[in-house]
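Step one of this worksheet: look at the structure below.
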Amino acid sequence: MGLIVSRIFKRRSKKAGLPPGSLVYVGDKKAYETEVGIIDYDVDNFVEKTVKTIEECLPFKDKPTVTWINVKGLETGFVDEIGRCFELHPLLLEDILNTDQRPKLDEFEKYLFFVVRILQYDEKEDEVRAEQISFVLGRNYVISFQETDGDIFDPLRERIRNGKGLIRKMGADYLAYAIIDAVVDGYFIVLEKMGDRIEDIEDELVLNPTTETLQLIHFLKRQMIVLRKSVWPIREVINRLDKVGSGLIEKTTTIYLRDVYDHTIQVIDAIETYRDLLSGMLDIYLSSISNRMNEIMKVLTIIGTIFIPLTFIAGVYGMNFRYMPELGLAWSYPAILLLMLMMGISMVFYFRGKKWL
Amino acid sequence: MGLIVSRIFKRRSKKAGLPPGSLVYVGDKKAYETEVGIIDYDVDNFVEKTVKTIEECLPFKDKPTVTWINVKGLETGFVDEIGRCFELHPLLLEDILNTDQRPKLDEFEKYLFFVVRILQYDEKEDEVRAEQISFVLGRNYVISFQETDGDIFDPLRERIRNGKGLIRKMGADYLAYAIIDAVVDGYFIVLEKMGDRIEDIEDELVLNPTTETLQLIHFLKRQMIVLRKSVWPIREVINRLDKVGSGLIEKTTTIYLRDVYDHTIQVIDAIETYRDLLSGMLDIYLSSISNRMNEIMKVLTIIGTIFIPLTFIAGVYGMNFRYMPELGLAWSYPAILLLMLMMGISMVFYFRGKKWL
Amino acid sequence: MGLIVSRIFKRRSKKAGLPPGSLVYVGDKKAYETEVGIIDYDVDNFVEKTVKTIEECLPFKDKPTVTWINVKGLETGFVDEIGRCFELHPLLLEDILNTDQRPKLDEFEKYLFFVVRILQYDEKEDEVRAEQISFVLGRNYVISFQETDGDIFDPLRERIRNGKGLIRKMGADYLAYAIIDAVVDGYFIVLEKMGDRIEDIEDELVLNPTTETLQLIHFLKRQMIVLRKSVWPIREVINRLDKVGSGLIEKTTTIYLRDVYDHTIQVIDAIETYRDLLSGMLDIYLSSISNRMNEIMKVLTIIGTIFIPLTFIAGVYGMNFRYMPELGLAWSYPAILLLMLMMGISMVFYFRGKKWL
Amino acid sequence: MGLIVSRIFKRRSKKAGLPPGSLVYVGDKKAYETEVGIIDYDVDNFVEKTVKTIEECLPFKDKPTVTWINVKGLETGFVDEIGRCFELHPLLLEDILNTDQRPKLDEFEKYLFFVVRILQYDEKEDEVRAEQISFVLGRNYVISFQETDGDIFDPLRERIRNGKGLIRKMGADYLAYAIIDAVVDGYFIVLEKMGDRIEDIEDELVLNPTTETLQLIHFLKRQMIVLRKSVWPIREVINRLDKVGSGLIEKTTTIYLRDVYDHTIQVIDAIETYRDLLSGMLDIYLSSISNRMNEIMKVLTIIGTIFIPLTFIAGVYGMNFRYMPELGLAWSYPAILLLMLMMGISMVFYFRGKKWL
Amino acid sequence: MGLIVSRIFKRRSKKAGLPPGSLVYVGDKKAYETEVGIIDYDVDNFVEKTVKTIEECLPFKDKPTVTWINVKGLETGFVDEIGRCFELHPLLLEDILNTDQRPKLDEFEKYLFFVVRILQYDEKEDEVRAEQISFVLGRNYVISFQETDGDIFDPLRERIRNGKGLIRKMGADYLAYAIIDAVVDGYFIVLEKMGDRIEDIEDELVLNPTTETLQLIHFLKRQMIVLRKSVWPIREVINRLDKVGSGLIEKTTTIYLRDVYDHTIQVIDAIETYRDLLSGMLDIYLSSISNRMNEIMKVLTIIGTIFIPLTFIAGVYGMNFRYMPELGLAWSYPAILLLMLMMGISMVFYFRGKKWL
């Protein structure tokens, strides 16, 4: 985990000293070969195709239909070219390539620029993986940029293809909403996995807590921090969308944005709850260690307290003084044994009284 | 409890990928058969009946009297149909069926949509059960949706039937207030139960703290989190009602809303107090474990410190050296015993001085 | 204390299900027989009398002089009647009888309604007792409601009788201020007592901390929570008075309200300081327990470490092997004793080096 | 320290029940004989004298030059008289005499009233001493009130005398600023002393932590609370000065106020940093106690684990059975000794492996 | 570290009592010889030279080209002279020389004054070093002041020389932005180093935690506090730049400022994350100490519990009573040995059952 955090900031230092707007891909994944998918639709029409060059995108730029240009794989040259074609601000292009942005909304005169983070639970690595997706919402187009070939938008594409739901009847703003909605929906799946993990620990905590349990608790706490940092800013993003005056967001879409806002709040609520749960678990873990110590000490104390005095008595009669009258008496050995037995028994009762046994 | 939390989010993933507004019942209770109760009243008239189809509701839609349509059991088809009849927004219908909403108020042009949570203390399971109730407040109707056949509204219905209090003289907004008021009143009952539980623990904590006590403290702390998450947003809901410009809320009702707002604050205050109490209990628990450890160690130390030196002396005179002059003296055995006795007694006084005895 | 908290909320459940505005006395004290004291004054006139019926109050209602009607003992019927005579809102009357209100200010068209809490330190029970006092400020009257016959207003009455200070020259708003001022002044006395208690603990903590000390710390912490909940909302009350547009509060009185506001802040500051102090004490308590444990362990360790090896040596020469050449030598017994002595001494020096002795 | 806190509130109870505006000196220092120093100046003129009666102040009241009347020693009668001469509000006079005010700014029609706290580090008592200084800023005069003869304003007076800096060219508002500036400058000196103390503890903490170290940490933490309570409200005071509409503060002075505001923030920052440092020290202290315990236990365990089994073996061959064949063999004694040696050595290696040695 | 904090405030006390605007160099580095570098440019022209006297700067003052005057080494006389030439406010000059300012933005009529802090990780001292850089942004000039000859602006100068990026086409406001950007870029490098250190600790924590680990954790926590105090106010600075009405900041530059604002937020986010990580590490450290204690105690308990009873038995048969029938039997020695063996083995199984072995 330490790895994850420091990795994020290591990328950055490559860029220190470069002029702002310099396009350098800052990411830890080998950039995939760029692949551009175009979906163009309105209520009646639907075109879908994969292109290789930006020239093929240009015809869609000014069409009144809604166009979704999805760029997979972040190649510096390609992003630069798209930027020029669609007149995108250099800082915006820089942000697309710096894949460690905080989720945000930047307003430009003719378009809005969104950065959000897709979260996915990587079963193999057993950790939450975050990927940046940035997109530009123009009058009638959305251009989205992904690092890898994520599949969370497949159901959305399917809905556009089939004309299921409202999407074909609405504009590019609704498409932007639908993208955010798909991202936030993904958070619920990650939260479920986290919930499962927490449940597992809970059982472990009661049955057999180990140092690994502790490390797991802290690991999950840190994952919660990562989650929180991805989700919290989205709340602000949507909040600010209400106040955007560019006319890019229609009134009818606002209600849908409010809905995704509610979902975001739910996710944040859940993260808070999980954090509280994990803190509680930490307390239980620490107190169960203390309890164990108590038990260990109790055993030693009971054994010690019973046998140390008895051993002393045996020691006394093991002394070699010539004049020890008791030693010569026939009944003194059984008497001493009886005394020892009684001492031991009374100790046991004493511990019973203290509830140690 | 881990179960409760993760259950809430598991429901959600069924819906990932579906278009917004898709009606899927998301809940863990088998949906009851839908049952619709209608109460229609004004100062002079009162009609109450149970209907099976939506068609029977329609006549009440535009009547000037106040109509309360209460839907028990959330059936997808039924909710969909009602939505169409009363022109409700699809996202609203979706929220009705997703029974894990955060309490909220959504403003639409012609109606307000409320989601609140009924809390009940389940004696058998010994936990707080939350149920979602959502309702739509229109010009002269309230449509409420419940998962199960909760009984907390029976006194309210009785008041309408008898014309007790103001309710028959007021409009639909007052009915909405009365519903929220009944929900918040229910919180006080849950809080009482919690208070009883906390008192029980308090006694236990002093008399005989066990690991179960600790788990109970954490369990109650988590219940407090659940409560808090249900109550806190209601505060905002009522606060925002003041600023709603739709003319659906009359001035005279505002005073009543302020009253229920005060109650909400009281509930939140109580929850905070309980949380503080439980945190204090945690400290006491942990320190009482430490105290025990101290006591255990004290016993071992006292026994050890008294007898280990004595055993050493006995050991010395148990050595088999040929030339040990003391051994031959007649008075040396009683002298040694006396010495040992005095050592033991002085140890006891030493411990008295340290207040260990 | 658990008792105190749960008691507050138990009262409430009697009322669940009743229509709003239902007058039920919610309090744990047997209501005293109602006793109504009237003080009527202006610069030149002063009338004081005790009445039994509400009819006797009515003549004062519209007199231009300032009238203070003080109702002691909350009888449902009586409160109801007063409400009707002075046209008070039913919810307001309900709040008067529910003696577990949070301090607040409610604005009505013709009067303001205040709820504050009198705090008194009960020497016998050794706890802070809270009593609700609510009062209505009208154009030229103040009606105050108390549960028991509190005496904190006696100096105020005396000032009115003697015409000491400004009070006879000012209106009803100044009287309302004077009541709040008297209540807040009472908080300082409670705080002093608390300060004394904290000082006592502080000494105890250093000299001889016991589990009782811990429980006392937590008890005081909880008392601080109770105090805070009584005082904090008064701050808001006074703050809002500034913005009340009803013309009931004169400009000249505002300066006095600011003064009592400053006092409230001082009380809150003191409570925060005490809480910090108590938290610090908790740390000291816990660490002093740890220190004790260390001391106990040190004693055992020193004794054990010195004597266990010596006992072993004694044990060796207590073995019964036939061929142990040392046993036959004349100087070996004193030599062994010397060895043991030296081992013991070197151990003592070792512990000195470690600063354990 | 408990003393300090409770002392503050003890003073107060003398006043409970008195009418507002009653002048009672509330302070723990025997009031010094009142001494009034007057400095009157403008660019060209400078008069300085010490007066005994208020009559001597009056001529300065309406002079166009800036007059600084500094009252040392708070005598009830004197303050009352000054109040009457300068038409000061009775509540203001009360605040001057109650020397436990929170720093604040009160706006009156013709003047502003400031309360701030001078902090000085008392080397002898080894604690921070706070003294209240209150002053009234009128059109062309400043009247300041001090309990004792503090010397922190001497450099300021010197600057006025010499005409060094801007002060002689500016109005009374700049004088007020200069007073606040001197007070805030004093905080830096206190902070330095605190920093030195914290450094000392830091060394102690590493070398030899004792219970005194802990108490010192808590003592400093509490001093930080006291500091914070003195400094924090000054921030608000200066902030509000910007919005004061009385025309008493000139535009040119505002820049200087902003400067002292920056200093206040620096002080607050430093206090926060110190608090964080002290919290960290607390953690280190507690963990160093745990470490010690571990070390103590390790010693006991090592000694016990090595010698207890050996003592057992010695005990076995000390048994008096008639038929113990080993006892008769010539080489068995050295063999047993060797065995014991080897057992001891292997134990030492075992502990080495566990890094306990 | 205590050193660092107290050093900051020690500097200050030199100045207590001096009139505001007194120029005294407050810093702990021996002031370097002052060296002034001038860069003057517009799109077409570029002049760079090093000057010794202020007279040489003056010609650039009113030129329409952008002039960057960089002053290295803070000499009181020199700063004073520059102040007079460029009509800078005395308080501003004071702030330049007090090199312990909080980052801030001060607005003056004709120029803006910035204070920020350069952070650099000192590999040798292994700590974060902070240096103050202050600069004045006028209509077409920037005057920057540095204590030492920092090199972080070299890439920026290079960019101006080469005309790389936008900088030669933009005004002085863009130069100011570029300076802030370079400073913030430097924070990322420091954060990386910190990340590396935290990773190192993380490994150490699992493998072999020592007291040094603890001190390192606290050291890093404190470094985070220092960082936070440098970065946080920059956020406010940039935020306020938006609202500056002086016309010094062009619209086009605002977008760049937003970008650097985003970076600041990222840095703050990272600091928060690191703090959380370090807190978690503290918990792990403390619990790993507890675990060790448990292990130590377990070893002692196991050894003690097995051998103490056996030693007692040996002691019994070492007693010298004349009549102990067992002693004379031929098989009793082996029988007792067998008994002891069985007792030991059963103990081992008992501990296995408790999972202690």
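Residue numbering begins at 1 within each chain, and the chains themselves are lettered A, B, C, D and E in the order written.
What we mean here is this: a residue touches a chain if its C-beta (ideal position, glycine included) is under 8 Å from a C-beta of that chain, and two chains touch if they have at least 3 such contacts.
These numbers were taken from a predicted model, which means no experiment stands behind them.
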| item | value |
| --- | --- |
| Shared chain contacts [subunit B and subunit C, defined touch] | none |
| Numbering shared by both copies at the subunit D-subunit C contact, with half separating same from different | different |
| Gap in Å, rounded to a whole number, between the CA centres of subunit E and subunit B | 42 |
| Whole-Å gap between the CA centroids of subunit D and subunit E | 26 |
| Of all residues in subunit D, the ones touching two or more other chains | 290, 293, 297, 300, 304, 308, 311, 315, 318-320, 324 |
| Chain contact graph, described as a line, ring, star, complete graph or other shape | ring |
| Chain order, ring traversed from subunit A with subunit E following | A, E, D, C, B |
| In the complex, subunit E residues that touch subunit D | 1-3, 5-6, 8-10, 12-13, 15-22, 89, 91, 94-95, 100-102, 104, 106, 208, 211, 214-215, 218, 221-222, 225, 229, 282, 285-286, 289-290, 292-293, 296-297, 299-300, 303-304, 307-308, 310-311, 314-315, 317-320, 324, 326-330, 332-333, 336-337, 340 |
| Contact footprint of subunit D on subunit C as seen in their complex | 155-156, 159, 164-167, 178, 181-182, 185-186, 188-189, 191-192, 195-196, 198-199, 202, 206, 255-256, 258-259, 262, 265-266, 269-270, 273-274, 276-277, 280, 283-284, 287-288, 290-291, 293-294, 297-298, 300-301, 304-305, 308-309, 311-312, 315-316, 318-324, 355-356 |
